[in-house]
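After the structure tokens below, expect a handful of questions from me.
The first chain written gets the first letter, and so on, giving A, B, C and D; residue counts start at 1 in each chain.
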Amino acid sequence: VPGSRPRYAFLGPAGTFTEAALRQVVSPDEAEYLPQIDVISALEAVRSGTAERAVVAIENSVEGSVTAVLDTLASGSPLVVLREVLVAVFFDLAARPGTAIEDVTAVAAHPHAWAQCRGWLAKNLPGVRHVSVTSNTTPAQALGSDDREIAYQAALVPPAAVALYGLVTLAATVADNPSAVTRFVVVGPPGELPAPTGADKTSLVVHLPTNRAGALLEMLEQFATRGVNLSRIESRPIGDELGRYSFSIDAEGHLSDARMGEALMGLRRVCPVVRFLGSYPRADGVVPQVRPGTADASFADAERWLAALRAGHVK
Amino acid sequence: VPGSRPRYAFLGPAGTFTEAALRQVVSPDEAEYLPQIDVISALEAVRSGTAERAVVAIENSVEGSVTAVLDTLASGSPLVVLREVLVAVFFDLAARPGTAIEDVTAVAAHPHAWAQCRGWLAKNLPGVRHVSVTSNTTPAQALGSDDREIAYQAALVPPAAVALYGLVTLAATVADNPSAVTRFVVVGPPGELPAPTGADKTSLVVHLPTNRAGALLEMLEQFATRGVNLSRIESRPIGDELGRYSFSIDAEGHLSDARMGEALMGLRRVCPVVRFLGSYPRADGVVPQVRPGTADASFADAERWLAALRAGHVK
Amino acid sequence: VPGSRPRYAFLGPAGTFTEAALRQVVSPDEAEYLPQIDVISALEAVRSGTAERAVVAIENSVEGSVTAVLDTLASGSPLVVLREVLVAVFFDLAARPGTAIEDVTAVAAHPHAWAQCRGWLAKNLPGVRHVSVTSNTTPAQALGSDDREIAYQAALVPPAAVALYGLVTLAATVADNPSAVTRFVVVGPPGELPAPTGADKTSLVVHLPTNRAGALLEMLEQFATRGVNLSRIESRPIGDELGRYSFSIDAEGHLSDARMGEALMGLRRVCPVVRFLGSYPRADGVVPQVRPGTADASFADAERWLAALRAGHVK
Amino acid sequence: VPGSRPRYAFLGPAGTFTEAALRQVVSPDEAEYLPQIDVISALEAVRSGTAERAVVAIENSVEGSVTAVLDTLASGSPLVVLREVLVAVFFDLAARPGTAIEDVTAVAAHPHAWAQCRGWLAKNLPGVRHVSVTSNTTPAQALGSDDREIAYQAALVPPAAVALYGLVTLAATVADNPSAVTRFVVVGPPGELPAPTGADKTSLVVHLPTNRAGALLEMLEQFATRGVNLSRIESRPIGDELGRYSFSIDAEGHLSDARMGEALMGLRRVCPVVRFLGSYPRADGVVPQVRPGTADASFADAERWLAALRAGHVK
């Protein structure tokens, strides 16, 4: 029964980078792919129960609004990140079969894709005209259709979209920064956490206690004192009024790590809002350096020592 | 001669929120408005000398990519922020004259506009279909044209776009959060700084010395020790490899303030990159609280005291 | 049986300020007073089992070496502070009966007593000669004896010593700083701790992890992050080589307070030596301000919250 | 003319460890030695102009009150430290010629000397009686006199005192900790500072702005942010009431170092009292590690950079 396969909402249609991320997570044979028109819809599909999982870009995106993802995770009913996935971001310059690169006078591209390929275009297609489109796959669909009125001869599209829409590649691996990577996350409802792997991240949203100088510093000291490093921090306007900020944070480590637990409890005590958004394996697998005295064994030793002191066993 | 008027690049076409921000800065009688297809083009127009100024969204945007703005300011030839402008963000539901709200079965909207108005639409146009478009003004232009093949009857557009394209308003001030505001900045080439007003901001890009735990904290202490408060901080991937971050920062105060100067020198000494992106008046005019001992007079007193000590005058 | 009364070692002989402190703790009817020749002997008497308690000066002393007390507590078999006692420090100018103040040309005084009364002596006995003595009671004993060869006519002695040695007071309450107070502590072997009163102190000895810049700061952040204030901190040379220091610390709060427990565990994890020297009521009874989020209830709430998160109950 | 030689006040009489420190500074041929009865008198001799210099113990002393030195430097008319000197602290067990060690049943010793030699005495003279004396040289003078009524046969005295008073050594280099060292300082009136050597210390007295949690931390951050390490910190009761503290601090570096100057200005701005007590070469000659970005050249570079920014030269 197809309905028994897990359903994954993602920014569609077929051929997007987000779909490429989703393919890394689960094959279309094992899951039902549910394309959505935007990232908010993808996340809401999980909240409403239409899907078990959503795959959305979370950083450095050429596709979907990272801001919308962060803001949607930060409020509303709880969702957690279960996994992260990296996708290399480069484009194919695609056209209808029979088109030569010399015929190209206008190129369709999402503004982010255009920005990403600016240098390449200036060098290889000097003077070419940019036709702005809503998404990376829109022009692939258009070129793949029978429509004769299209105002461009080629488009910058995700590699996976070329064959899908019956196009051919005029130039492959187009990108000014060949090491550009987008980070995607798999999001689901709260429940059992992914097991710690030793190379994990924990995502949080934290509001500062007050707006005064030093409040941010005090918040960060909750992490630093316990030896928890941050890999990402972004202030986001809270939205009720300009000037109040929440912080979207990725911290190195897993909720089950003693140091992470103590840091989170510290935040919980002094910050008006602490929202847990998941502990999950890092896509890059890098094992963070654990500072001396902050491993679980050190926490356990200190707890035993304190218990002994409190029982009067001073050494 | 029109050419003698200053030229302002902005995200066009006419009718965008960015144009509304630009109108707050300078009237079309006094400046030449140069619409651009994206925010990067607007900023590059200043770099290339095609424009004297650019107006771009810098935070909480429903229009243009804030990320692209931050990244474009952070590298390439220097640009500085000269002023900030706030624009209230709400939409008109616009249609061709003669359309009734009951006729509307599909609404065109940029995904961000749609997200901003989700609640209103669910309540007032339940079941309406979303047609995604590239920009806030695209559907206003389409509805304003003779095209009979359009797949929607109404669109969410900036209020300024309604009359401009010969449309009428079916519902005004549509927005789920009526206090939503977007922050825009006026950007120009380096040169003389705006004079300090007592209610100023300084924008910076700073790279951390290392990736180790505590490096972010040490960077922030450069501000805190001198009593400089931050109003915004965002980590941005540096781009050469995932996991290295730069920080985009707004600090309260002006480059000419003694405490800001000392904090910046502190950063300069310990961080590999410190890029100054301007000191300019805050749009909200809020005068920050200056902590005791951090006003210019305290700095001057301390300098005299140190000079006396070094000359052997110990009291 | 006298032996069944608890034995208190103190810096003797009878009449010292230390004895005055001891009298505040327990009357001579209820305890055996064991005078010692120095503070180290008093503390060692507890270690050897010769006494159940020792009373010694710990701060701002005119009697006994505070340094010796701190160093003796910091090494050797464990001792803990059980209580603190304050004694106002002023002297009587005492002499043999029949002596007039006009007859006084030389005054015996311990150097610390002399220092404490310098201003008074300059004003009231200008030109008087100082005869330095080993302790505050030595000249009281000498004047009280039959010895005719004594090189002074009067002495600065603790008020309690005057009648004890058969002397009379020429001038009472002699002290340049009338609010001078010495802090004494009652020391015993480890065991059951004094119950928390809400106005407690915890004494510690802590060695820094390394000698590098910032190590002291990191140690203090272990307290500050948990909202624990310090009321005293002194660096003491460790003694193995010049330049290595240990820190003698009084922190506000009791070992049983959650914030104190977590701070101590933090120290235990990152510092090579953390020695607990007791939790006991403050003599001044001042209840410290507890920062929001650092009371026991906040710790308990945070623990429940973390446990729920770890069980998958994300809200 | 002898009067033209500089006059050095010190804790006398001849034969003290302080005199040994003074001999390292200047020979008796080149200076007039002015023995004083206590360390306060030695310091006051400089204030009154009776002496040009004073030599006093400042740390880990077996002689004179370090506390009294710190407190005397911390208030009254200004004095500064000009140099520090280290003296190894061990004793000779001295007696009248003809005395055998077997004859010794009582040993005179200052309580600090006794404490320092406790282990040796227990092993080599088990059961010997302690006769407490006011200073390290008192028993040397007594044994060297004709007095036949002395209640001891030997004394622990500084090595220099043995021959001086006509005694002989029964046991040399007596000390439980053979590496014990006392730190002395040479103190003078303010004026020209000793030139920086690259291995210098700066001594300060600082009062905290308030008593609240974190005030100490903020004070220390003034040093840490500029990369200035502390080698000693002691809280001292201010004396007006119990519970208010001043801090006696030794910081690594010289007043003329840019980082030290900026740290001191930072303290000056936020602390009610900052008293400079001198910059002088370290006796141990150890060159401190200078953190990257805190050398004078880095400060000069940052100043040039800031000046350029303020002039509009943004790069």
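Assume a contact is a pair of C-beta atoms (placed from the backbone, for glycine too) under 8 Å apart; a residue touches a chain by one contact, two chains touch by 3 or more.
Since this is a predicted model, take the numbers as computed values, not measurements.
As a whole-number value, the distance joining the C-alpha centres of chain B and chain D reads 59 Å.
Note on chain placement: the centre of chain C and the centre of chain D lie 23 Å apart, centres being C-alpha means. Residue positions 221, 224 of chain C are each in touch with at least two other chains. Chain-to-chain contact here is organised cyclically: the chains close a single ring, every chain touching exactly two others. Under the contact rule defined at the top, the touching pairs of chains are A-B, A-C, B-D, C-D.
By the touch criterion given at the top, residues 37-38, 40, 59-61, 65-68, 86, 111-112, 114-115, 118, 130, 132-135, 177, 179-181, 183, 211-214, 216-217, 220-221, 223-224, 227-235, 237, 239-243, 245, 284, 286, 289, 291 of chain B touch chain A in their complex.
Note for the complex: chain A touches chain C at residues 78, 80, 190-193, 209, 221-222, 224-226, 255-256, 261-262, 264-266, 268-270, 276, 292-294, 298-299, 301-303, 305-306, 309-310, 312-315.
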